[in-house]
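Look for subunit A in each of the two complexes below; its partner is subunit B in the first and subunit C in the second.
Moving on to the complex of A and B:
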């Protein structure tokens, strides 16, 4: 059973690296590629954990993750992107170096929190720390990016972080709920893409700097 | 029975999306379904009958029945109001929010909220609450102008992020179960038995994450920033549902989670968190309430204030305070739905959100203006109505719990909010009719865009006769007058029975 754990920790590292890359990249297609790789690693990891513990319902979740997050969502988002004119490069409010530095700081913070909470001897410290980092990185991305569609990617990354936590910490949520979450993600993407389109029509741009008229 | 109820609403939802010619029948049947069947189910559930849907995945217990009762009454009126908006489309160019599509969205939103209050499994509640976010985002953005889109985008982003944190918290709870060697579960009854063996620090982190997440949705300060935007920009039926029902649904999720904390022996931690969020919401909302010039924004801040009061009541956790908080929710939902529906009518007639434009409204529009006046009187906490009594009981509960500082702070905020609402309300509704003066102003600003507003000299209650919109307002007015009977037995006993299901209650 040794190879299971080793492979899982390699995949965890890979997922963490894709998370780091997302805060550095500027161009939308790079970020989407990151998302694809991350989702693929996530589906693969679910498969291995399903095999390791013999949890039947995790096979289904692995398949659903692969179909929805590796195939469906990227294709869907790509089809939207081609309809939005102009280059989708984001002028983030902070530079890449600062982002990388913040990402490392968030990683350290997550490690400290998870060690405090689980106790230093728990074998799950790494898992909790990685998923917490990814969750915070998603939030960081949403706060620093200005293009609506990249903020939407931030939500997708946060959702990936939660799925990671679900399979590593909890060996998967109950199937009904897991399916409910995937369904929510699909509907959520649909709703957000609709809104992005309408924003593009109304403002002639998807820069969220325009969305600042309501105050107080 | 519950399956029949939800199924019929689903059918109405589908039929309105299809835009069949007999839409009036769908709307009336939907409203009757909500009032009669929904009312029957919720009363029976409060009396202790067991309802289930989808093989027991969704079950309704007395606490869920209580929230369903509020939901049914408000939603029925909202459906009729929404239909009234569609009725008017003949004259004008068909706007998106006046089409049958909006009625379909309203039904879908109502169904999602019914499902979230009839979930007992914490994970399932999460799925349904997230579902309500996504559906209502579409109905907020339906007006399709720039500010509505901005509000919808902020709403969907902030609430989804908040709820992501909640889900993370739920996963931590499951991890706690596995780490302590139990079969992982999110059923509250199963969790209550094993949660005492979980690591307390893990549970505390999980609870804070869950509270912040659902708190975003419930509109607790300081994570409330989506709320005034969404409530003010959405079409009237959606605003009413958001404020009067949706906030309660998130509060329901928080109460369920607090029950787990209580079972783990961490009840006092959960209560302190709730009291702090409640207190922050009350103070911040009171401050912002005073400086609003936009009618619907002012009502939105009043929602934050009242939800903060309810959270405070649940947080104090004495039987008296929980009783007060439950009654406060009833009173607030009835009055706020009435307020948003009549405010929507005012905005529709005056073509403006600004209160200064609506001066002297009650003389020109007795029903709408009267509805708004009644709602404002109730919301400000004037004596003969229920909110006054529940606020009094809350402060009394804080005093008997020995928390004089808390009681006096809340009292100051309530007095300030009272004067704010009464000042604005009297100015808008009873003020001198200086219409001509405003006419000139409107010519300067947007006389060109709004020929309808500039043209007629006398703004009066839109075309006489029966109107579904006015009918729904009158129903809600009657409800507002009925609410205070809950302070008397036997209704009082029913509320006490519900309070037993809340952590810190009599049980």
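Moving on to the complex of A and C:
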């Protein structure tokens, strides 16, 4: 195998592990660290693919991914988080062991689906399966977590998964669309952080379970 | 030829496993800025246990007396299965599934023995051990199955001799190796999972089950534990990072024996290092770690099964 492909499969494995770790971790800063490393690996992977296929616009996207997802978003979220009082430890509504077994089941499901879509002999089955797993894990986070801020991270992980699928399967989307997505994330985060703040102010907690209680 | 090999292996298991334990303890002592006990201390311990008086609770049944023997013998057979320096060894009974279950027998017997003496610590430790092994066993099995799937064989010797390059340096091999390393730590009862040096009632798992034993039986249980430790570390090396393996009859045997000594040193350093760097985990957090190891080995299995 060529070193490009080898490095890409290692990075894919690394991204998958960070995805699994987000399911295990309970504290918000650990999950954010996972996101940081995952985004870094994603930016690095984009760089490798840009070099492998000589796609000039992917270099720009790699840089944008690095700046926005590795630097801007974590710093921004962290600055806001310190203003929310209380422990940011989140107990999911299901147990850790159950979550891990579900994660494996999701991986298996993604493999079956991607084999159906691409055919058994396609080289891209791994890439699609990893992206699909990350997408489902993000969704799983949003379903099982209670704290609004961690549900927000679920969306970020899903967005990472879509970017991953884009660069590995289609060698990147057109620059305008990629940049649009990145700005979309930035704006989305802004809106979501504001929303989290509003929830905190209205209910004195960011536990979404409390949203059910009626306010006069 | 095979009979000489067998005799050498049996003698090797008996002689090297206390040495390995001594090596780990010494290295751990040095890493923590102490002098550490002498490397030969485990032999002296065994000698001491042999002549020590035995105190047995009058409540116990035959299970209590059977457990050390059953634990020692099944671990000993499992120990013979794992090749050390040879590329192929005991192929006819070194079956992977048998190996996993031979490691399961001592767990079962010791959990029963822990309950049998009707001490409260024994029962508590038994239940903990069962909770840990419920997650460790599938992880161990799946990690070994990853290897077996890439060599299309369930025999440990075929798996080891047909490995192409070093499995640890490929993504699925890395995942399975990492999972297996966590399994090794959990199985030998070292620090993130269990603390071998303490008898603090709130934390002990393995020590709690053997708390009621004394004298020769305790010595036998410790001995079995050391053999298990050596066996698993050797399987970690020869399964995931095989180097310097040869046949018993070949001229390169001396090189292979040197590599074996090197593996012992690296393995001891690895265990001592993790034990010095990590802290003991809370019991409920530990489930996350062990579950993670299960996820890693399952992922690796899926990688191998689909990618080939």
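Following the convention adopted for this analysis, the second predicted complex is superposed on the first by the 211 of 216 C-alpha atoms of A that agree within 3 Å, B and C clash if a C-alpha of one lies under 4 Å from a C-alpha of the other, contacts with A are read in each partner's own complex, and residues count from 1 in each chain.
Just so it is clear, a contact is a pair of C-beta atoms (placed from the backbone, for glycine too) under 8 Å apart; a residue touches a chain by one contact, two chains touch by 3 or more.
Bear in mind that the values here come from a model prediction, so they are computed numbers and not experimental data.
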item	value
Combined model on subunit A where subunit B meets subunit C, clash or fit	fit
Subunit A residues touched - subunit C or subunit B, whichever exceeds	B
Partner chain(s) touched by A:171 [first = subunit B, second = subunit C, both, neither]	first
Subunit B versus subunit C as contact partner of A:20, first or second or both or neither	second
Partner chain in contact with A:180 - subunit B first, subunit C second, else both or neither	first
Centroid geometry (CA): angle subunit B/subunit A/subunit C, rounded to a multiple of 10 degrees	150
Subunit B versus subunit C as contact partner of A:198, first or second or both or neither	first
Touched partner set for A:159, first subunit B, second subunit C, both or neither	first
Touched partner set for A:57, first subunit B, second subunit C, both or neither	neither
Least C-alpha distance (whole Å) that remains between subunit C and subunit B when both complexes are overlaid	19
In the complex with subunit A, residue positions of subunit C that touch it	135, 171, 174-175, 287-288, 291-292, 294-296, 298-299, 302-303, 306-307
Complex interface listing, subunit A residues touching subunit B	113, 116-119, 122, 124, 128, 131-132, 135, 138-139, 142, 148, 151, 155, 158-159, 161-162, 165-166, 169-171, 173-174, 176-177, 180-181, 183-184, 187-188, 191-192, 194-195, 198-199, 202-203, 208, 210-214, 216
Parts of subunit B lying in touch with subunit A, wherever the complex brings them together	57, 121, 123-124, 126-127, 130-131, 134, 137-138, 141, 144-147, 149-154, 156-157, 160-161, 164-165, 167-168, 170-172, 174-175, 178-179, 184-186, 199, 201-202, 205, 228-229, 232-233, 288, 291-292, 297
Subunit A to subunit C touching residues, read off their complex	9-10, 12-13, 16-17, 20-21, 24, 96-97, 100-101, 103-104, 107-108, 111, 115, 125-126, 129
